[in-house]
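Have a look at these structures, which come just after this line.
Two complexes come next, and they have one chain in common, chain A, joined by chain B in the first and chain C in the second.
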Partner chain A sequence: MICDFLKTCCADPLKLLGEWFVLLPAMVLLLSAAAAAVMRNLIRAALCLTLSFIALGIVFITLGAEFVGFVQLLVYVGAVAMVIVFAILLTRPDQLAKSGSAFSGLGPAGGAAAGFVALAVLLGFIFASPLAKKPLSAPVSAPVAAIGEALMGDYVVALIAVGILLTAALVGASVLALEDKQP
Partner chain B sequence: MDLLERAPIELKSWFLSLLGSFGVPQWILSVLSALLIIGTVIGVFLGLFALMSVMERKILARAQNRYGPNRVGFFRWRLFGLFQPVADGIKMITKEDLVPRTADKAVHFLAPVAMMIPALMVLAILPYGRDMVPAELDAGLLYFFAVGAGTEVAVFMAGWASNNKYSVLGAMRAIAQMISYEIPLVIAAIIAAMISGSLSPSAIVAAQGGFTWGFVPQWFVFTPWGFAACLVFYIGALAESNRSPFDLPEGESELVAGHLTEYSGFKYATFFMAEYVGMFAVCGMLVTLFLGGWQAPLPLLTIIPSWCWFLGKVCFVAFTMVWVRATLPRLRIDHLLAFAWKFLLPMSFAAFLAAACWHYAGRGPLAWFLSLAIVAVPYLILGTAFSNRFALSRRLYQFSE
Partner chain C sequence: MTLQILLAISAVLFAFGLVATLSRSNAIMVLIGIELMLGASNLNFIVFWRFSENPAAMVGVMFAIFSIAVAAAEAAVGLAIIILVHRRINSVEADDASNLKG
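On to the complex of A and B.
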């Protein structure tokens, strides 16, 4: 048994590495997400969260969802991580120490419970969806052209609705920022 | 000629088959093949960086009517000071590496690494010549911008970990600038992708092949919308790579050196290197998207190998960036952001509309006229509005006074 394993290792280590490589970003994802949750230093926690965004993007790419992986990197690392960091930088540390977060009264047990409830709800929806009942056979492939055609064809209404929502958010943000300029 | 064209590929396969004839296993060969490509790309770009670091100073010196570095040579031969990068490298490596006592040491150490990785990774999808793409990706353009987004995190890490007011201010300026200019940059890139119908860089280059009337290359820059988008992309590229006139995150007169203030020795050199390699990468993207990639400008000149054309064009765009640095003064931060949001963004939308009209009007003379009008009218309106607003207005201070 071990001899067979070693033989396959020597014959084609790259294939073996490819099979095991999927696990590496997943482990980085879990570890960095856990680190982001427990770290006291807020900036380091935010950087760990960024690392977990990157690892999630790599997980998507190794699973064959190239497009989603790149969009994950572009949106979460390029934009969301920066927004989080700016929010931390623009918060005054003395206020933060006094008030704490809204959930700090719950304690670690309450936080864990809330996390598990959220996970249970998500898992319930995932297993209820028709995707979960499909057998996992052939590797899934999603060429970029097919995604583009789907977005511009069947889902064009949703796409435009999201566009309008984001534009409204942008206009709202600039109105909020303008307010203190008025005399 | 065909031999020279395919020389890099043939050389690699010859080397690998030579090793294969000695009985080297297949998997080692495939690893070696990948390493050879990576090594060549990194070697070429680091060589270009070394050359650029001396050429930039030479060109700036020429623009200011002085000599520039002309001493360092090899024993007796001075060679116009071409060995300056070697001396710089030795100096950088032997310098003391200072870390502030109150700095976040781990993040301070990781920031240059985090800056270098995306700069090298984006080089993977550029088509360097005919059939010469290190990684052929369907969504190559998206990969370029997705990986490039990591730079912002690195700049923030450097600024924050230094625990210095100048560093934090410089990093916040740099991030504000990068996020603002990334939007026109991406929209300009999308225009080229939209017209060629693909996100893959090699398909975008292929769409610019051929010649009108037998001698005018069909590069995107020679259409009204392409010219506008190319200029928007160029300005965005200048800002993304923190080059003059957008180098105010490192403005010496106000911020010492921005997020680089507390870096010295080889860590500083790594930042410097990452900035230049990132600049070459974004120049390569500009060449790929609008200047025809590796295509020759005249049918006659196709005898020169395609990868020479690509490198030549990249060097030319890099040269214009130095030229701009020698010509234009640094902007003020509010002018910089206003320029991004009030001028570049509407112009990129105008170019987008013009490209769509050009496509649906049949890509003929009528399409030319229509798209020219759609680009020129907003340019004239915005341009006059801007020059009136910023020409002789009184400086208003809101926060500093």
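On to the complex of A and C.
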């Protein structure tokens, strides 16, 4: 296995670079996601989450889905991360919880155990599947023009439904957040 | 590079999100965990599209785009609810919001 790997590296250095091109942002993604999940400080967790969103967008771009990658950067890094930071600032979480603990529910041990069980089940299925051995094929691309035509053609009903959903969600969010204080 | 590696990365990302959702006390951290899990599912859509027999159909790309849109709506409503709860009970701890009457 290592021999094959070295052989492909020597035969085609670009192939190795191509793999690292995907694997490097993926490693950044996993590290920053882990930091975001366990960080005590909320602002730092939100910034780690932003870093993981950026890395996820780069992974999308390296996999050939440029449009989805840029949408990921715009929507998640530009909007969702900022909304989360705003919510953190508005709710002033710098005063620590009354219990003084950052964990509740299952607690750190229970949460880690649940995550480990889920991970073991998922990895078991992934590595047992014969489909998963499939190697990377020739580069594929999703041209923006084709995406636009598909959105306006086959997926137009879904597009309109998402538009209605977004309008309803944003109006509902404004109504919820603007509600006056109870007497 | 095989499908396995990318799916394993996605599974690890999902597990991190699950840990944050199940074990953190702050409601905003629970939402951050949900965002991580949604990111893992989007990564799965793109990876399966990348390895599909007919990538020109772009089913995975479409699914990821709509998933991102729904996730944005979910984050907006979730954070609005958290701000409202903070206004009512002056806390964003998930355990403190235990009264259904509001």
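Please note the rule applied: the second predicted complex is superposed on the first by the 123 of 183 C-alpha atoms of A that agree within 3 Å, B and C clash if a C-alpha of one lies under 4 Å from a C-alpha of the other, contacts with A are read in each partner's own complex, and residues count from 1 in each chain.
One rule holds in what follows: contacts are C-beta pairs under 8 Å (C-beta built on N, C-alpha and C of every residue); 3 or more make two chains touch, one makes a residue touch a chain.
Please read these numbers as outputs of a predicted model, since none were measured by experiment.
Legend: residue contacts after superposition of the two complexes on their common chain; A:Ile43 is shown touching chain B, with no touch to chain C.
Of the two partners chain B and chain C, more chain A residues are in touch with C.
Of the two partner chains, chain C is the only one touched by A:Gly172; chain B is not. In the superposed model, A:Phe67 lies in contact with both chain B and chain C.
Of the two partner chains, chain C is the only one that A:Ala26 touches; chain B does not reach it.
Of the two partner chains, chain B is the only one that A:Ile54 touches; chain C does not reach it. Within chain A, the residues touching chain B in one complex and chain C in the other are 67, 71, 79, 86, 181. The part of chain A that touches chain C in the complex is made up of residues 18-19, 22-23, 26, 29-30, 33-34, 36-38, 42, 45-46, 49, 52-53, 56, 59-60, 63-65, 67-68, 71-72, 75-76, 79-80, 83-84, 86-88, 90-91, 93, 97-99, 101-108, 110-112, 114-116, 118-119, 122-123, 126-127, 131-137, 140, 142, 146-147, 150-151, 155, 158, 162, 165-166, 169-170, 172-174, 176-177, 179, 181-182. The residues of chain A lying in touch with chain B in their complex are 12-14, 41, 43-44, 47, 50, 54, 57, 66-67, 70-71, 73-74, 77-79, 81-82, 85-86, 89, 143-145, 181. The touching residues of chain C, when paired with chain A in their complex, are 1-9, 11-20, 22-26, 28-29, 31-33, 35-36, 39, 42-43, 46-47, 49-51, 55-56, 58, 60-62, 64-66, 68-77, 79-84, 86-88, 91-96.
By the touch rule above, chain B contacts chain A in their complex via residues 26-27, 30-31, 104, 107, 137-139, 142-143, 145-147, 149-150, 152-153, 156-157, 160, 168, 172, 175, 179, 182, 198-199, 398.
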